[in-house]
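Both of the next two complexes hold subunit A, though its partner changes from subunit B to subunit C.
Up next is the complex of A and B:
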């Protein structure tokens, strides 16, 4: 089956570099999101994006180097990300309760 | 075992006043003068008894030459070994008994004198602290310990002169004493440095054993001569000699018992004691000895002439003290160290007596010190009068009272010693004449003649036993104290031929000048007769002037108007010091402040401050509190760092390629 062979061929031609480029693009998008957006929820999501970009890089390297360390690291990153999201969302709700809005500039008011 | 007991006694001797100081010092607000005075007097008395117990060991057959006590090593660095060890030999035995004995009497006197004071507890604490430091000075076996005591007594002197510090003048007098003494102390330190560099040790016995057998230095710049001169500078400060004597008359601002203890009997003789202690060193520096003799003689005469004109009872006694200290230095300078010690002891007796007597007068006259407003006190204060009378005879040197023997010995050595000369004798002779005159004048204006105060308002009275007992004891000592040093020429004609006990006692402990003495026994008799008759003559003249014909005094004063003004104003020495030394320093400092400090130092600090402030206010804008801005900085930082890293790796790679033949 030529078509499936083409598909298989094109998939197998996806190499390490492609994954890394994807990771870099996602990471950059995340950075831009963190830096530019004012909505805390969006910023948190952007941070998730960056973390997952890193995860992609880890898995890609792991596959490429035939070493499972990278994949193990991904689990850690995912756990930490979940914890971070919980804290971040808690902060977001606090801010929202006080100011009826989730703009990042209100975090200035948190300082003692 | 015996030595451990000695250490025990030394510990009591030295620590008793310190404990007294702590006991009174810790409750200094108390106004119970009786309790404070009792503690302090008991502490001083304990010291005296301990000192007596130690000194007793020096008597008898096969007695040790000195009792020492080593406590611990204080300093030990690179060749400098300073043990805390004390010694009582035949020299310090005399001194320690005088200091603790007279000191105890003065403590006792103070109980009565300070009974109306606001802060008696503080006063007695200071007095005990002084005694402690004085004991360190006397008993210390090395110059470092002596210096500790030396500074300590200076501090106590300052505290006690300015004891009534609410009076600005009195506080200033304390400061003057302190600052003047600092100048001397600098000399003392330099002398110590010289000795350490030369002999590698600061212990008295070590220095003395090292100088033994050395030849006398001839020039001015030899190490021993320099050390001796520097140490003498220290002595001029502490013992009030030209040019640093100016603080002592002002020191009379303190309570009178303080003047008796510190500024007559003990502290001011520290310089003489130090020189006697190091006599084997000083004897090797004839030029330094000459300087000491000349300064001593000059001080004796100068201070005596000022004493002729003063009207403050304590000022007269103060100048008298300066003058008598001059005699002691004259004795040291001609190599008669024994005579210096002798005069030190007798002077401690009669001058303490006279100061306490003046304290009794001042107390009885309700704080009046001007002898023009006294007169005829003999019938109001008979006991004070009687004891003062004894002191008077003793100081003008009429036999057989104490002053006669010691002063005459000094005059004789000034004439006959290898270092002596007829000029030094003449200076001492003139000084003796002046002494007899001003002391008689003091007696006449205070005790004789008609009262010049308002008898309805002032009722002079004798004080209680705490003040009269010390007077009586000191009067007895002033009367008989001279018998410890009867000169040979007199001893020979007396029944039983008493020898010169003091000379025998000090033999081997003090240096004796080498060379021929000039003068014979006949000469000694002649000089003795001369000095006694001049003393008697000027005493009679003074009696005639001030009791019989007071108008003569006015006429003489007018005849010698200019001279009188000069002497009355103490030769304007204070004014000269101010004009030539103190004012230039003050003005120079002010100029430094106005120009250098304001224009450079202050400005530099201001500029530095402004710089930091400017940078800070610029940098502060970075810290806006805006999270995203921070995140941006972090991101830019990471990018920059990575770029740097890659660039570095690339260039390193290039370098490696070149290095390994790429």
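Up next is the complex of A and C:
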């Protein structure tokens, strides 16, 4: 069983880089999700993941720079993420009404 | 604290908001009955004109608002005029277009004006987070506008494609902002441009990454080469008036925001950035022009043509960022955006006039017989196509001439060469409709080519007249833009 001192020590050594790496991993997962998945709801979730990865980066930078601007930006990003989710889900319902499924495999009409 | 001066700078946006809300409010208080489209469009146009006059009353002096988050300078003022004008013409086209007419017209005008508010925010932003908010406000309204078309399959597909790729690009853009914030310690554009040289010389990897992501996000919005693939699909699937708005106002505002970010000599510290951007510009022009040749659908031809024009404008941007005279290049970019917007509005107006069934596109070959049936429209389209191809003495020629001229001034001979070569290639697909209109025999009995929409016809004829008039007297406009932009300091 680890002593509390060890736990505290390992937590306090978590620095900016750890947060940035976490943010990069989440962002990449989001990118992969948008590019690989066919289900519209999963694509929307992946976009949210990307935006939240950016939030982590903003907050981590804000902490390390001792500058509160980054914290404020997170609120803007969250607002935009909410608006985007609203529009995205509205589109998803329209598409569901038309095709009876939320999948992008029906999107083959626009070709040149 | 918010001072009166801050409110004055955003007054045009507030006026637009009020003007867009009135028709929707009339509808709400009238037991959800749609007000007459004429009333709706009158309020919208009045709002746009009032916003224009308000902006004009504030021009001349550089003003900042909300702790330097917004800046109203000469570039912002002229960009505002251009955006308001484009929006007014797009709304006029929407008034009697088959995809947008009547059903939910007040909501469509509301969203269009909302998009204009986002566009103005983007134009005036002096802080990357405000730029992001502007891009999102502008785009979210457009996603809904596309999906609200009466056409059921193509528009939904176009809207969703645009939505997914647009949100994807803005997330990347935002990640870039985060990286820049981390290295610079601020998201204010002047603070960033002041430190660009230092950070690029020190090979700060995080900053490289950030600026790369930022350019990528912008490149998507203005359809620069590897991120142009959505453009023809979305332009084809959208209602034509909305396409016209996207191709003009959105592109103008994004290019002006790019100009603001590139307003620094610091970028010269990294020659690789310049060669990367130059390659993007060359590829954009080449891909746009070659792909346009292969298209049958007239809207797709114009979509690829707008991709090619983004490539030309990139030449001006590169001259501004990496040359030794930012102002002269920025003025030319603004002038080119004027000429591009006028021509694009006119050409999309013609498509809107001839479309009469939802979901049926207009092919270039469908234009045959236009000269006999509608000689005025045919002549107006011909003028606009000549202008797009850059034939003197039209506006398009002077736009391209000054753009390539400024590239040569900054020793970008290679880019100017590619630009001229591409303009020559583009003549083929711009003149093909003209050949179809005037030199192809059509059977008299066909009842194709019914022209509808008085306001859209007025738009087409007016823009065609503008391309000739401003083309013949381009120096006064250029001088006005120059005076306004140089007044920035």
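Definition applied: the second predicted complex is superposed on the first by the 102 of 112 C-alpha atoms of A that agree within 3 Å, B and C clash if a C-alpha of one lies under 4 Å from a C-alpha of the other, contacts with A are read in each partner's own complex, and residues count from 1 in each chain.
Heads up, the rule we're going with is that contacts are C-beta pairs under 8 Å (C-beta built on N, C-alpha and C of every residue); 3 or more make two chains touch, one makes a residue touch a chain.
All of these numbers come straight from a predicted model, not from anything done at the bench.
When the two structures are aligned on the shared chain, A:95 is found in touch with subunit C, with no touch to subunit B. Applying the stated contact rule after C-alpha superposition, one finds that A:34 touches each of subunit B and subunit C. Within the superposed three-chain arrangement, the count of touched residues of subunit A is higher for C, of the candidates subunit B and subunit C.
In the overlay built on the shared chain, the residue A:25 is in contact with neither subunit B nor subunit C. Contacts of A:70 after superposition: subunit C is touched, whereas subunit B is not reached. By the document's definition of touching, of the two partners only subunit B reaches A:105; subunit C does not.
In the superposed pair of complexes, A:14 makes contact with neither subunit B nor subunit C. In the superposition on chain A, the residues of subunit A contacted by subunit B and by subunit C overlap at 31, 34, 104, 107, 111.
Touching subunit B in their complex are the following residues of subunit A: 31, 34-36, 38, 104-105, 107-108, 111. The touching residues of subunit A, when paired with subunit C in their complex, are 20, 23, 27, 30-31, 34, 40, 43, 47, 50-51, 53-54, 57-58, 60-61, 64-65, 67, 69-70, 73, 76-77, 80, 83-84, 87-88, 90-91, 94-95, 98, 104, 106-107, 109-112. Against subunit A, in their complex, subunit B makes its touches with residues 625-628, 631-632, 635.
Chain contact summary for the complex, subunit C toward subunit A: residues 129, 132-133, 136, 140, 143-144, 147, 152-154, 156-161, 163-164, 167-168, 170-172, 174-175, 177-179, 181-182, 185-187, 232-234, 236-237, 291, 294-297, 300.
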